[in-house]
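Shown next, in structure tokens, is the structure this report addresses.
We call the chains A, B, C and D, going by the order they appear; numbering starts again at 1 in every chain.
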Amino acid sequence: MEKRVLVTGFEPFGGETVNPALEVVEALAGRVLDVDGSDPVQIVAARIPTVFGTSIAVLEKEIERISPFVVLCVGQAGGRHHITPERVAINVDDARIPDNAGNAPVDAPVVPGGTVGYLSDLPIKRMVRAMQDVGIPSSVSNSAGTFVCNHLFYGLMHLLKTKYTRVRGGFIHIPFLPSQVVGRELPSMNLTDMVRGLEVCVRVAVEHTLDLPLSGGKEC
Amino acid sequence: MEKRVLVTGFEPFGGETVNPALEVVEALAGRVLDVDGSDPVQIVAARIPTVFGTSIAVLEKEIERISPFVVLCVGQAGGRHHITPERVAINVDDARIPDNAGNAPVDAPVVPGGTVGYLSDLPIKRMVRAMQDVGIPSSVSNSAGTFVCNHLFYGLMHLLKTKYTRVRGGFIHIPFLPSQVVGRELPSMNLTDMVRGLEVCVRVAVEHTLDLPLSGGKEC
Amino acid sequence: MEKRVLVTGFEPFGGETVNPALEVVEALAGRVLDVDGSDPVQIVAARIPTVFGTSIAVLEKEIERISPFVVLCVGQAGGRHHITPERVAINVDDARIPDNAGNAPVDAPVVPGGTVGYLSDLPIKRMVRAMQDVGIPSSVSNSAGTFVCNHLFYGLMHLLKTKYTRVRGGFIHIPFLPSQVVGRELPSMNLTDMVRGLEVCVRVAVEHTLDLPLSGGKEC
Amino acid sequence: MEKRVLVTGFEPFGGETVNPALEVVEALAGRVLDVDGSDPVQIVAARIPTVFGTSIAVLEKEIERISPFVVLCVGQAGGRHHITPERVAINVDDARIPDNAGNAPVDAPVVPGGTVGYLSDLPIKRMVRAMQDVGIPSSVSNSAGTFVCNHLFYGLMHLLKTKYTRVRGGFIHIPFLPSQVVGRELPSMNLTDMVRGLEVCVRVAVEHTLDLPLSGGKEC
């Protein structure tokens, strides 16, 4: 029987008209990966509103509907050079800009009374290494920020640790698309490369529960 | 009776011959701050080895010896533009370069079985605002990395939450000195400005337990 | 009768195993552009050694052999975010690293007694605008440096102004490929996007002798 | 008899309320440098409007009034990390933003019919080395841009080459002050360090007509 991976992408925010995360996720939707010594794995995509609270509610509905064994949420990190699997989600909402419903919480918890942080379940160093092996610029990130991306990541990990304990999950930030930075001195990555990189990540997440003993991320 | 603030700076590491944190801390040593409606506060400085494990042990000895009511640890973040009060310490040691004793742990906990993260006790947004008010480039950081700086920050917060529960504390990263980047395209900050910025931070930490309702740090 | 555009790319240098300029130029080789109200235009490619002196000699041989009406030289500018048509070549060779034959001139002229600078013949603002219109990050550059790229650009313009006066020409710098920066925090651009951008530039160079009245490049 | 060096700084522009060049120049005004084997040298400062055309006219009046043997013009280069002696002025006015009188020329010559470029008269590599020797981040720049800074630099060199042929001159760009970037992720340099760096440059310009055989500036 086929297994399913849920990959999610956010709606555009912050004045952008596209969100590379959504573009990547829609390009991956429906792909079936053949996995050694296992049933094939289907990628199912979901679109997540860039809204505090609602984003987690929509994610949970999709988890209920799709019954994935791995969940990989993807978000835009404008200004980054690399595809960056995130190491840790923190229990902080702190918005410099409003979300798509106009909310801008300051120093609020994602989950009141929740633990300060959750580490990703996914083998992030292995993902980075596998992307680098196919020529995709990639590195570990030690902060998913404090906007809706970190909010969803924290919400995901809280759901997985408290309710869907057999499901593994994590979060990946990706750069702007070239079309988003045509007149700005900012890094970007081509959609084809990002789709390829994310497919590599899904495959690694599906095939490996243990990570490689490699250091990763900035030392400070 | 005089109250004491302990400020700490690391020994040089990573091929550098100075550590701006140590320079700043030694410049602040012995200063006495007059505080409205309170006894004056003396700044006591300590030098911390840039070594996993040992750094926390030395810090605890200094806390025992000095009996501070606030502890502010300072570290070098080469490549940053601003003085950056840190928001969160995470329970991860992951070293891209060896520490000064040759240790390079990968994905190890700072405290086995410890919580994933601790938030700073200090009013970090108030510190940023106060530094900006006197013309010092400053912003909140959402990651202290995974090297000895984060290690000490996590170790400090663990001590304060489990043993020295009346003491408040936090961590601040500072840029390179100009002399460290003479031939490199990297940002730096003058020692005078960093000393002034850190004195502002100590004063804010001493005078305020509550933070301002301002957002801070990169959204991702 | 068919007209020809000569596009040139350098051999890899500075420790790199590929040169994106050469990759782009070889991908464009042989393409024929249909141009409104004119004969079709064929793109002919040439490979240029990254060597002071020799590079200009090889370029002149190719001009003699191919008889182009437009010459567009392309070089790698590692660290740039954009495809950057160059505004000006200067009569200075000043090498921080040796060229591929081990030469490292300091403050030497490209052409002894030559004028200090030559402006590009090509409509560089129109090129930038046309690339931006198809979603390619692009801007004008005011310096081609002082290594072999500027050397060839100056040599080209000197040839065009003193000998091949009916030929127009210029120089374009392009970013690293993603595969060149997998483990480095540097910008890059996908080969497909660079090929598309350069084809746009060739078309603009062929169709327009006058530039648009738009400002371009950093003010300092 | 005392010799005089004219140093100039621009009025604030582009929405800034200060110009570090003006601050530095006013701090240097009146200083007298003792020079080995020569009469002492006095630094005379002048304030230059950030306006195309007028800036050069004011500069010429000051040269007439002061009779300097060296002229060093200083300008703000927001976003740079280093104090950067400029290598070359180009005969191009191309303004992305209006000057302080509302002018925004596009691709216009500074001097109609003038040569494309002038190289600095000053020993720029020696200046860089001397600043680095006292711990000031410094490097050669290959472009002064195309705004009023380059305009004045070109105008200065044109005056020196065509009219005041016994006077030597050049241009230096300096970073933002820390107070200009408090809430922005941009590099800056302390006023004290910039004053010290510029005094070093004046001394080098006074004492040396020949440069050191060192490479300098980005290769592209």
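Here is the rule we go by: a residue touches a chain if its C-beta (ideal position, glycine included) is under 8 Å from a C-beta of that chain, and two chains touch if they have at least 3 such contacts.
These figures come from a predicted structure and were not determined experimentally.
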**Complete:** Neighbour overlap between subunit C and subunit D returns none
**Message:** Over half shared numbers or under half: where do the identical copies subunit A and subunit C land at their interface, same or different?
**Reply:** same
**Asked** Computing the C-alpha centre of each chain, which chain sits at the greatest distance from subunit A?
**Response** D
**Fill in**
Note: subunit C sits from subunit A at a C-alpha centroid distance in Å of 39
**Prompt:** Whole-Å distance, subunit A centre to subunit D centre, using C-alpha means?
**Reply:** 48
**Item:** Euclidean distance of C-alpha centroids - subunit A vs subunit B, Å
**Value:** 30
**Asked** What residues in subunit B touch two or more of the other chains?
**Response** none
**Request:** Pull out all the chain pairs that touch, please.
**Result:** A-B, A-C, B-D, C-D
**subunit A to subunit B touching residues, read off their complex** = 14, 75-78, 87-88, 90-92, 94-97, 104, 106-107, 115-119, 125, 142-147, 149-150, 173, 211, 213-220
**Complete:** In the complex, subunit A touches subunit C at residues 81-82, 131-132, 135-139, 178-179, 181-190, 192-193
